[in-house]
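In what comes next, chain A is part of two complexes: it sits with chain B in the first one and with chain C in the second one.
Now for the complex of A and B:
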């Protein structure tokens, strides 16, 4: 892992650690709203997926890839997070996680291959 | 059932990076397909204020067809061996095929063209004829940034910065919010020292509502419900401007339940890979909007194509604000 990747990982873990699991962001997430209550397809679910991927508890598979790349980056969850006083940059976290994981999906890279 | 995604994402990343290198945008065409809307307008190629489309409206017919192709070839793209065959067979990347198929999307092509002509006419009215880069105009790279392809975007951002520097304009008036966000907030992270005074065109128009109102001809409707794009409202904080322009057009602006900073997404950002999920989200939003009014106004090309998919089902007409400007300033509606 490069120094830049290591910095990105630390920053991501610090940001996701701020989540107090209040779940107020879940109901406003459009992908959750149309997915029959699958929490992995909500902003909170994605935060937990990222946390556990970074900690090595989960491995990147088909379902987790789907959850991460279906985020619309619409920031509606952040409005709620802010109003509840936590103010986590949820879409920034998901974007940075995509950037961190991008080598898995690019030719010649691949921590999962 | 969760769709298989790993290989799909891998193949789409590879295709988009390849297309960006070949043609400067996610389509990868070698011929300039994005200048036709400006035919006959004689916009100057240089000037203090630059009209910047970033090819977004012009891509719409091709995006519609590409999305259909990805959806049709999803099962192939989800499997490594078959994905190579799909690409080799030009199912996805064939310029000729896509150009041919996009020819079927005449309605969306016309709406995009009218929107740009309306925006250009309105900007010319309030701040003089804008400059336009024609075939030199680059794509901003925003979709690849959203996907986290930072190394690919960095190389592209350097080209965009160079073109804009050579253009020499002191301000940029972008026709869509994704480009405003990319140039104003994201590019400086890729290009240290990059600084552009970039605005969404509604910011410019909202400063001169009376001039706009005086020049405006009759509208084809009386009231509209405003759909705020996520990027406009939450990233750029632009909520009042579109309403001020709508009022200047002599229209009543109605509000859906979720509006302004609480707006609901059109589903567009994931359409490139997950058309079915995107469609469910855009349908939900179209239903909300149709409860208020059957005429919807949008200020983003992505919102336009995604909400327009549900026009028939809900009896809606989704108008880009630029189309309404075109109807009022370039009447009759230019074909």
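Now for the complex of A and C:
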């Protein structure tokens, strides 16, 4: 891992550590809404996925790739997160996580991994 | 026992439809994660998440799981602060999110709601009927009525003013671990006397059955008036609460407090100037506005006897919204600045001050982490005080976080034992088996296990919560 990547990983871990798992951002996420309510396809879900990918608990697969890439970057979740005090730059975290994890991306998508 | 995840998902799909079954890694992970500050372990991760659409499907899932002895963990919104939402054994997570129906019957005097209805949505639906929803957790926008009744949480409400949510429940639809669907209670406003299973299921935290539908009486929304008072120190507010009960003064429906530190953080969060000390935030209630105003003025006079820095009645409006918001957001903004580890202490009311001193003492002298700060707030009129260990960093190893969590839990439970309390808000069973063993006679805990065995002989429902697993 390059020094730049190591810095990015540290920054991402510091940002996702702010998530309290309060789940207030779940309902406002449009992809959660259109998926008939799958928490993995909400901002909370993506933050947890990124955290556990970086920690090595999860390995990137098609399902995780799908979850990360379906974020619309609409920032509705950030308004909720700000109002609940944590103020995580959720969309930036997801964007940077995509960049960090890009070399490992799986082809395709879908959740039937 | 090894479970074939794909086979399990396929079988569950035959019951609820494949579109309502998930066995992918991200979904399993996010349903297992909760507010607990320490990391998930493999045994917390489910094999599949299932979202049944009616009680018949829940029953079929439970029959299926029972035959194969697969644990089933019920999921409302996963907002429990004390580990109730985290599966303790690998199995199926059963999400109640599709139980979304609300039926309001003013002519019958009650309403019914599916277990997955969010409290905020339900309160909004009840508003045109001027009906009270007597559940007030901070997680109201996302917490479910099924979860609230399964825990029987009071949250902000003062029990001796409003009662517990369970006091308003007329009946339930419950799916037993065997797969039988039962109805409890009554359609009458006359609640059953004698042996009746509603009371048994309310607050049972999902270990005896899965609540799928709740029937509650339409209680009239009271008129309210608000009071805010600033005291030079937290102990003065505790003394007011003790004196309120000693004199037999009618308690407010909400009586919150912020200690000196959390008041500064909470006020700053909502754009208010720094308060001069600890803050009491009170909502008086009565049948009508005239009675409420009179009650509030008398309560204000009572407060002034304790020599506050400032005390005043506030009508609805921006200032009250900000002050209530400061209480609601204090915990969130404290967490923003580091890591917090909370306790729920509910002492005998004449021991409130002693319990506060003991709580502060143990938090400032933790063995698992040196030098935490002490911050407290809570529903002091209830009385509940939340003493928090605050550590101004998030960079703490998971195992240390776990040790701090468990130490705070054990020592706060010791205070509850010392001063005769038993919690009243957080649904602590998953983390308090030692408390149950120490607080009551050995027969008490054994009776709980026997009841569990009688209703759930294969121990599929929320397995581990009665055993004290993490």
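Everything that follows uses one rule, which is that the second predicted complex is superposed on the first by the 104 of 113 C-alpha atoms of A that agree within 3 Å, B and C clash if a C-alpha of one lies under 4 Å from a C-alpha of the other, contacts with A are read in each partner's own complex, and residues count from 1 in each chain.
Following the convention adopted for this analysis, a residue touches a chain if its C-beta (ideal position, glycine included) is under 8 Å from a C-beta of that chain, and two chains touch if they have at least 3 such contacts.
Keep in mind the model is a prediction, meaning the values are calculated, not measured.
Q: Have a look at where A:79 lands relative to chain B and chain C in the superposition and call it first, second, both or neither.
A: first
Q: I'd like to know which partner A:105 touches here: chain B for first, chain C for second, both or neither.
A: first
Q: Applying the touch criterion given at the start, work out whether A:61 contacts chain B, chain C, both or neither, answering first, second, both or neither.
A: both
Q: Mind working out whether A:9 is in touch with chain B, chain C, both or neither, as first, second, both or neither?
A: Once the two structures are laid over each other on A, A:9 reaches no partner at all.
Q: What is the contact status of A:69 with respect to chain B (first) and chain C (second): first, second, both, or neither?
A: first
Q: Which partner chains sit in contact with A:26 here, chain B, chain C, both or neither? Use first/second/both/neither.
A: second
Q: Which parts of chain A are in contact with chain B and also with chain C?
A: In chain A, positions 61, 63, 112 sit in both the chain B and chain C interfaces.
Q: For chain B, which residues count as touching chain A in their complex?
A: For this pair, the touching residues of chain B are 2-6, 9-10, 13-14, 17, 146-151, 230, 234-235, 261-265, 267-270, 273-274, 277, 280-281, 284-285.
Q: Of all residues in chain A, which touch chain B in the complex?
A: Residue list for chain A touching chain B: 30-31, 33-35, 60-63, 65-66, 69-76, 78-79, 95-102, 105-107, 112.
Q: Give the list of chain A residues in touch with chain C in this complex.
A: Touching chain C from chain A are residues 14, 17-18, 20-24, 26-27, 36-40, 42, 44-45, 48-49, 52, 55, 57-58, 61, 63-64, 67, 84-87, 111-113.
Q: Please output the residues of chain C touching chain A within their complex, sorted ascending.
A: Listed in rising order, the residues are 19-20, 22, 24-27, 29-31, 33-35, 39-40, 51, 77-79, 95, 97, 118, 139, 141-142, 269, 329, 332-333, 335-336, 394-395.
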